[in-house]
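Both complexes shown next keep chain A, but they swap its partner, so chain B is in the first and chain C is in the second.
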Partner chain A sequence: MARTQTRKPFRWAPVFDHTILILGALFMLVPVVLAFITSSHSAVQIAREGIMFTPGSHLGENYSKALFEKGGFTATIDGMVMLKNSLILGLGFAIGKIIISMMAAYALVYFRLRFATFAFWIIFTTLLLPLEVRILPSYEAIQRLDLANTYTGLIVPLIASATGTFFFRQFFRSVPEELAEAARIDGAGPVKFFIDILVPLSQTMIAAIFIIMFVFGWNQYLWPTLITTDEGLFTLVRGIKQIYQTMIDANSIPEYGQALALAIIAMLPPVLIVIFFQSWFVKGLTESDK
Partner chain B sequence: MAQVKLDGVGKTYPNGFEAVKPCSFDIEDGEFVVLVGPSGCGKSTLLRMVAGLEDITAGSLSIGDRQVNDVDPADRDVAMVFQNYALYPHMTVRKNIGYGLKNRGTSAAEIDAKVQDAAKMLDLGALLDRKPSQLSGGQRQRVAMGRAVVRDPALFLFDEPLSNLDAKLRNQMRIEIKALQRRLGVTSIYVTHDQVEAMTMADRIIVLNGGEIEQIGTPAEIYHNPASKFVASFMGAPPMNLMDAQLENGEIKLNGSAALTAPAKQDYTGPVTMGIRPEDVVIDAAGPTPFTIEIVEELGAHRLLHGRLAGHPFTVHVGKDTTATTGEVKLQINPDAIRLFQPETGKAI
Partner chain C sequence: MKRAGFTSIWLPVALLLPQLSIIAIFFYWPAGWAVQSSFYLQDPFGFGSTFVGFENYTDLTANSEYMRIAWFTVVFTALVTFFSLSIALLLAVKADKVIRGAKSYRTLLMWVYAVAPPVAGFMGIMLFHQHTGPITDFFKALGWDYKILVDYNSTATAFIIVSVWKQIPVNFIFFLSGLQSIPRAVREAAMIDNRSGVRRFWDITFPLLAPTGFFLLIINITYALFDTFGIIDTLVKGEPGNNPMTLVYKVYMDGFRGNDLGGSSAQSVILMVLVLVLTVFQFRLIERRIHYS
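Right, the complex of A and B next:
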């Protein structure tokens, strides 16, 4: 019998690609899923048996306790307060960075400053000096300014951003120069041009940088730990540790379930921000205005 | 509406490069002046100095009765149309046109009325709520025009506004811009590198080369009496035929052979560059000058015959009724149309 169809050779490349993708996704997701499942068990059970693979019966209890039960040494802070503090830090951090770096980039690109390029490289080299390197002087400065245990002290030292300045600078340089000239002839001064033209044009850049910076700010651990000793100012990321630590010190079984619940809660806002802004970001990119 | 007066206006960059040598000319009220020249001749720099986007390093510039050297572009009462239109991408057509008025504190109702007027004049009525990205090139160009018109300025400045359009649209917009300028009677300065645009639109043409003015004149003057070899070769398509020759006793002898002699009135002896427009030559079997046709360019309404005359590249323009094939023919050259230039300086004799 003659064969009318030759068999296509089986292609291994897609299988290989997908295997890597699936393994990568599992690698990222499994710990989260396990944390979620485990967070539905009581502390006693977790202490006895470790990580759980089947859902337990304490889900609601753990989450409501994590969010609403006052904890800490002073028993004044609950998950909601920490969530609020984290949001303030994340938003302040992201918005502050965007404002500062946009203005810096605007000055560097649009004003014929004498040492603009030099200034830019100086700003750029601060990438080599992350917070960890300058943490002592920063702490000293904030302490002397009496800003420890305030939101200002928590946010302001972190908002200078070489990365943001760099991105905005590159973006501004791609905006046609005639736009600035047309605006000049149209009677728009530097401030008006910035607000009326550049900021709206930068929407997609702002969204992109907002995503990155919000998540970055939300996950800050070292600086909040150092600068906030008042429990009312604790952020989620450091609060998890605190709850857990307090319990150990108190010689009882650590509230593993609650700590894991809080960890899951701490993950949610960044995830939501990314999901929400991503659709907006892609839309902005495809309906390119420029 | 206003006159513009340039008195020794020049531009030298801090690095010492002299982009525009000091130049002086006046533009009458309501006149349409075209600055034309090759890339890098300083025409855009000159326009940008008038606009105030570029500092003036020498001389004095007045718009109306006012010296404006140090006046901010916004206060010079000028409107500019850019090559890439420079529309604000995030604003609707309505907002684009009205932005300049808004910045000057015009009331919302007045802005709306003026924008409507401008839109009507430019046939943009249906497009007012669109963004620039949703418009075609020609429509964008019209919005840019609208942005200039709506302000009712003393002076329009155009910086190669048609270069981004395709040929057909360019011809159409050329006429529209000219008609609009006529109707509004606003003094205009128009920069282009396209000599056809210059010829067709200008009341007066200023030809620039290497940062210097080569000639100022009406299109006819520039075309028929070019002041230099440069103007002769730059204006006109195809350009004027230029050939090295010898002028003796009122006769022109072409180099190499004495193939061409034509009466010339000048009492000048020595080497010259002879120029003749391709249409000032006719094919005539009885003519004195042999011409070898190498290529026939068919253009529908007329033909261009490219070839050699006494060893020099030469072009002849003939009507559509004159058929021609490659080979040798005889030419009759209109002696009145011959222009002579000094070979070294390039200036007309």
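Right, the complex of A and C next:
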């Protein structure tokens, strides 16, 4: 039938498809673009007119204030401190989780253990209960261990779930069995096999899970809010709460411009990582089955 | 289990030890403690506690405010799940179909994954602001007297829109990867059999995507229940008052603001059971998914 036609008629379907995709992309993009544009205005202007649609002249001022001006009750914390804390939380969580879960997954997959099934269930039950559900008792536990306002108290309880272990277990099981056998015949012990063969083999998987975990750690909100009352340990996302607290309390005009600048700074690192390492990120997300 | 296993005894134990001890201290101890304290009534000044059996639970079911919050949570979860799944599915089907710009669309539709919920909520504060918010203006132009934080439904609408916005990327990524794993031969056969795109979608694509869809259903329910905490806390600016809230938010309010330890623990346990049921359901689905693929 196509042969009888000399000219292709104009097809509307692609136009329709692109329209929907463009609308979807705009829906995702516009709030953040508006927040960015508004962050270039003065606090007075934003308090009066709200979201702005054209760029203002306070961009540099708002961002340098957000990053370098000491604020908070104690006037000791600035954006750079929060940025540092967010990085510590994101990296500490991702790296800690990867190391601990790789070790556990290795033990579960490559060793004949009497209590392997038991250990498996002990670990995987944690998948059932997100931290939000057991938030109050976890908080009590941290208090009793005297770990409030420490990086350990901030990071380690978040690691207490099996997502990473599950992920690496699945991956190790897909690694050909002959590898371990060959290593054994060559006289390589379990430690050597793990470090020299399995870890290099898992590079892509590690990268993928690292991105997911870093974003997860960086974006934590409830736990840091409870555990850190010392402002020197605030993360950027935690800092957002401080901003709206001052919005309620303050008698003066809230620092909207500065607050929006901080929000943009808070989302920039994880967003850039997800965009630039997209294929790893998608792999990590879809293959870990979260 | 691997056949070619190593036979060391102390090594696997040493390898498992960090994971197991973290889990014991920060998971089992707190979780057990929650179950225990859900049967006790804590003295408000912290002097001892008395065993009250199931009283904390029966108090909850008799509490009309708690039931109202439970009902809101159900409606909220259903709406967030429905809208974020269907919008993401539509976008994924289109992104899978177009040839030009496919990569750019993919990036544009997934990057919001990395935005923290409270940051999303903070932008929501500006967009839904009672006097200056553009979305408020839009609703007013439609004839709705939209008043966030004053009117229950207005606040709930803001919760839902921000939560859907934040969840679309995850669903989009999973749907797109589900679509791309449909074999070429199946697609081509469908093209020959059925020229109507809409029919082809409902007859072929949709059933093939069903496993992904079921899996995402659970993911979205847990998201709406737990991960929306940051969005809600930011939108109500930490002072819910008469505004709607979800069950997780209520656990937090009662436990940390109200100092009602027993009641809050009982609520935690109820949520634990809920998640337990959902996860068992999810595990069975994953098993089936692996089985078929």
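The working rule: the second predicted complex is superposed on the first by the 250 of 290 C-alpha atoms of A that agree within 3 Å, B and C clash if a C-alpha of one lies under 4 Å from a C-alpha of the other, contacts with A are read in each partner's own complex, and residues count from 1 in each chain.
Convention: contacts are C-beta pairs under 8 Å (C-beta built on N, C-alpha and C of every residue); 3 or more make two chains touch, one makes a residue touch a chain.
This one's a predicted model, so the numbers in the text were calculated from it and none came from an experiment.
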item	value
Overlay on chain A: chain C relative to chain B, clash or fit	fit
Chain A residues touched - chain C or chain B, whichever exceeds	C
Touched partner set for A:200, first chain B, second chain C, both or neither	first
Partner chain(s) touched by A:222 [first = chain B, second = chain C, both, neither]	second
Touched partner set for A:184, first chain B, second chain C, both or neither	both
First (chain B), second (chain C), both or neither touched by A:278	second
Chain B versus chain C as contact partner of A:15, first or second or both or neither	neither
Chain B versus chain C as contact partner of A:192, first or second or both or neither	first
Which of chain B and chain C A:33 touches, first, second, both or neither	neither
Shortest CA-CA distance between chain B and chain C [superposed frame, angstrom]	7
On chain A, positions contacted by chain B and by chain C	178, 181, 184, 289-290
Chain C-touching residues of chain A, taken from the complex the two chains share	13-14, 17-18, 20-21, 24-25, 27-29, 31-32, 34-35, 38, 48-51, 100-101, 103-104, 106-113, 116, 119, 122-123, 126-130, 132-141, 145, 156-157, 159-162, 165, 173, 177-178, 180-181, 184, 189-191, 193, 215, 218-219, 221-222, 226, 237, 240-241, 243-245, 247-248, 256, 259-260, 263, 266-267, 270-271, 273-275, 278, 281-282, 285-286, 289-290
Of chain C, residues touching chain A in the complex	1-8, 11-13, 15-16, 18-20, 22-23, 25-27, 29-31, 33-34, 37, 87, 90-91, 94-95, 97-98, 100-101, 105-120, 122-123, 125-127, 129, 131-134, 165, 168-170, 173-174, 177, 197, 215, 219, 222, 226-227, 229-230, 233-234, 237-239, 248, 251-252, 255-256, 261, 264-265, 268, 271-272, 275-276, 279, 286
Residues on chain A engaged by chain B in the complex (per definition of touch)	176, 178-179, 181-188, 192, 196-197, 200-201, 203, 287-290
Interface residues, chain B side, partner chain A - complex	51-53, 72-74, 78-80, 82-84, 86-90, 99-100, 103-104, 131, 133, 147
